[in-house]
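Just below sit the structures, each encoded as structure tokens.
Shared between the two complexes below is chain A, which pairs with chain B and chain C, respectively.
For the complex of A and B:
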């Protein structure tokens, strides 16, 4: 089934009903949060960890500040390393460029390293339709979801929501694996199956974790060795990257990678780190004959033009925000309708897919700030989400946002103006009180028709007290407070502390 | 010279009046002279989170004018304090004069527990409660204001009470203002887990420091576990539970 962010609500309703999946994802998130916190401990105490994150944010800031120059520098140095650099304005162009390379190099079989940008542009589907080439994902989790035909559930744990029984059935159906629920046997079977593809593939396609401008190198991290295969065995290697994946130097890149792996899998470093400096040279035994980097924009330049929205490009794709997010934890990845689930998708999808299509992504957020508090790239999730909501209200043609209807706006404005005006507030409260309290049983109401009805699907609401705080204050609270504060005991208490001296504006 | 201006959020004014009363009694008992500006209304948080920033700016200007002469402002709501401190300066990004006034006010607006511990230096309010307490770390209190130690210190010093740990105490309760009404099925799953963790903690009372969390969790408890209690920090410290 093709998922779309427009269908967030209906898909989320289905997913949230899967209570076993929900409990499992929450449990896994807890484990990963623990692992990541422990791994971040390598930097020192909380303060040192904050410093490490701040340095990561500063590196990303530097990249965004100098993006055009860094990309040009990268292109120049990569080219002199023998890497051919191609530029794609959008998903269509990126797919066409890769198709051109498939045809040019007469490619029949492709192996892949897990790459979010290739999911973003829909590359697998496009190439299979257009060229008939066979594509094999090399990451085990990604391979499973490829066979299943669904979106990855998490950017680094694509199949983490599937049970071993489901995985066994998928692999039995698609690659003739004898049914087994023993994980080691499943891994072994897929390993043998894929090894044959790794050896025979004509082209390897990967993403990029960081591109180094000063040397024209690519860095890729992984744990399974598949990327090592994909980048070294086939005749041709194509690496896809979005424009913001570049950084100035190796020193910068290694700090970011340290944050990436610690916040992703809780590892100090992944099992494999590949640093690629070009195709095979004459005196070398391994490596591709030709190497390409496709740099994909796909709407990012438009966001880059806006000083606030460009902050959405800070992400280094660790996925830590997802395991912090209470919403993602309950509905999983599918409702987001795109390859970037959770807070990561909330901030990037509206800029690429448009505000109208992605409305539920930035609305279905409690603004709890869990994502922002751990982000190693310094992404201001809350500010961005607030901005998207504001752009929705006012309309923003740059990013496919139609102004909200006059009716919706008028209703909200009326309500809020009422809240601001003491007289209107007072009379409004009186009306609300009598309307609400009429339905009260034992001090609570359990349903209300209209726009508030959602509240009552799982909750009650207390009936409104006959007197507001303001009225209580006027009536006797003010007098009571003055008496209490003036009492001997309170005065003693006050004298024991030097209140006003301790009040220092921060 | 111990004048404290009360910032009573609209949810407390209209619905959770007992939280406002507890705040008053607690602060008065500690010897503070209380001021309450009767013309105060909403700080504009709902308008900000819904994206109506022009409306929010109107509310913010009004709020600043009402409170800016005060020496210190205290509120029993982390999210409303965060609105003044964190959101107002951003609202006025293009109006330096108002931004300056917002910043100056923000520096003297405190969430209740932070005021007591950090400003007044009070870690023990001489409260008593016989039983076990668990503390829910409301999002805006914990992450937007960085307040964690203060409310727990105050609770630990309540005579007769034992503060017990609760799994995922720092996770959101699923309120999120409009979120709870627009996405009730997700909100239900989140608050359901919060309550599960509360029940598993063995605490008699769950303590929160934000009216939003209080409405959400108490509403859920009343529907599903009416015998269980959630209370505002001010109520526990004032001894009115």
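For the complex of A and C:
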């Protein structure tokens, strides 16, 4: 799948027009929010829930402070468990490593558990092109979007935007499923179709939810049972893991998993939690003979060096922030142009794909903070998004951000100065008002020449009123003061009058 | 420098990081006791059928009844102390099905049997009241697919195996002397909501899960 974050605006325009999809996604978000809130209730009242989230954030912070040490410890323990640990600097290298394993083990068929990192590195496309191996996604939603050839719509529900009719047509076309609009029949057909692949596959590929440094274990969660197949039946298991997915202990991992599933699907736990400590033992029949963990950096270690940007690595991929986001709710996943849509992607995309390519992503944010308020990893979305905007304006070579044009910078600089100086702000506003209002039509401004022109490509702005709020406020204050003064004078006059009446010479 | 070294070097050069205390959560090692009623409630809510029975003889009778009702033909059983207490010979004669211990089959014979079995039966290592989960420890005696490939899965749980919650389990797993290749936590029935948000049970795992709870 080609990553196209630079097409955000044009794709968003198309997606926003799909009103039925939009209404459905907003409805789904409401349902998920309700389920997740209810599930979080297991921790107790609001205060206890905040405490549970704060503990999650602390665990993530601890991981970040100890990241290189935890990775080394994980590698040591995993290796002594018989797992082979490989390291990849970027997407290309990770794909090449897996290709090497496909060739080494003479793999013909691969079954996969849902793995976002494999989407991130474009693994399916690469392997199919380079090796001709057959790959089957095991998660139903992921399987549907694989057949359809689109990006997942949501990290938990990849096909959640599709109607039953659309799903039925896709499966009818690609795997000869007899057309049916009954969900249970669709599930049953795909179950049988994939069952055969699960049984025959030579290699299973999964992601990792948490890796435990002190024991070298991998934890994977799921509801469908595809990961159990993928890690039990094939000869080889390859687990892909981004560098930040490690934690110190089972206790830490289990607390995070509780937060993950409650904020993901509103469940206390998923149907299956697989804890893998290595390849199958010599006498065992099930489980892989060979097991690999590919640790993928892909731009993260560069972000890690910056004390502010490293915060983007807190995410545990629950997807809750997307459900919370008003922008994601309206435009859906496709405009984001890659596998992590919504706020979670906005904080990591610029670090991986560069500030220039992803500008629309971090600009398409109202800074409402809904994402941040629910995040169980403690991700400071608002700080990061504001930071990316600033980095883009001033330019940041580390993360592919060329400075914006001199004109745009000057405009921002002017605004910056004006905002800090009340007198300048006032006079600036007066000038801007007459300049802007001259372009008003029916009370709205739809375009402006110069550095602000981009802003108007996708929104209108109401004509500025004759007087600003501050001006009206000032006038009101003055009027009130005058009234007060007036009534005080009247009172004084009345008092004096009374005095005279009382003391007039008889 | 290898890839590994370059990445680790880069991480180590971050000046803000203060490597310090490690685990944030502490496992609860005293609260071993689990609440049976909560376990039952949670397991049922997750889609399992739970039957509270007095002893293993009653489990044997119930298996006989269910197998006859569902016309089950092939059963695969994990080779554990608790499953060995069932008189399979007698059951087999009564209900006329085929039964094999997973440990007594190997290679293709094992694979083709487990993939075609209608029912898989295991004991468990622990269970969790908090979530209604059973915790399986896999080995030659308790292969992974026994609880996953057949359409119907049965698990025999002793009440004493129920732990309060996952933090108790964390303490136990953390300190294992020689951990198995895999543990699995199973909670109810495999499910999906990927078709227009409609929850359908039995995606890739068993469509039916029965837990026998005994003293």
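One rule holds in what follows: the second predicted complex is superposed on the first by the 411 of 506 C-alpha atoms of A that agree within 3 Å, B and C clash if a C-alpha of one lies under 4 Å from a C-alpha of the other, contacts with A are read in each partner's own complex, and residues count from 1 in each chain.
The working rule: contacts are C-beta pairs under 8 Å (C-beta built on N, C-alpha and C of every residue); 3 or more make two chains touch, one makes a residue touch a chain.
It should be emphasised that the depicted structure is a prediction, and the values quoted were computed from it without experimental measurement.
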Would you check which partner chain A:405 touches, where first means chain B only, second means chain C only, and both and neither mean what they say?
-> neither
So, does A:12 touch the first partner chain B, the second partner chain C, both, or neither?
-> first
Once the shared chain is lined up, is A:331 touching chain B (first), chain C (second), both, or neither of them?
-> first
Should A:231 be classified as contacting the first partner (chain B), the second (chain C), both, or neither?
-> second
After superposition on the shared chain, which partner residues are touched by A:497: those of chain B (first), chain C (second), both, or neither?
-> first
May I ask you to decide whether A:441 touches chain B, chain C, both, or neither, giving the answer as first, second, both or neither?
-> neither
Looking at the overlay, does A:425 come into contact with chain B only (first), chain C only (second), both, or neither?
-> first
Once the two structures are fitted together, what part of chain A is touched by chain B and by chain C alike?
-> none
Going by the contact rule at the top, pick out the chain A residues touching chain C in the complex.
-> 28, 31, 55, 58-59, 62, 64-69, 71-72, 75, 81, 87-89, 93, 138-141, 144, 157-160, 162-164, 167, 183-184, 186-187, 191, 194-195, 198-199, 214-215, 217, 223-226, 228-229, 231-233, 243, 248-255, 257-258, 265, 268-281, 283-287, 295, 297, 301-302, 304-305, 307, 310
What residues of chain A sit close enough to touch chain B in their complex?
-> 9, 12-13, 16, 22, 26, 30, 326-327, 329-331, 363-370, 372-373, 383, 386, 388-394, 409, 412-413, 416-417, 419-422, 425, 429, 432-433, 444, 446, 451-455, 457-462, 464-465, 467-470, 472-474, 477-478, 480-485, 489-495, 497-500, 502-503, 505-506
Along chain C, where are the residues that touch chain A in the complex?
-> 2-4, 6-8, 10-27, 42, 46, 102, 105-107, 110-111, 115, 130-131, 133, 138-140, 143-145, 148, 166-167, 169-171, 173-174, 176, 179-198, 200, 202-205
Would you mind writing out the residues of chain B in touch with chain A in their complex?
-> 1-2, 8, 10, 12-18, 20-21, 24-25, 27-34, 36, 38-39, 41-42, 44, 46-53, 55, 58-59, 62, 71-72, 90, 104, 107-108, 118-122, 139-140, 143-144, 168, 170-172, 174-193, 215-216, 218-220, 222-224
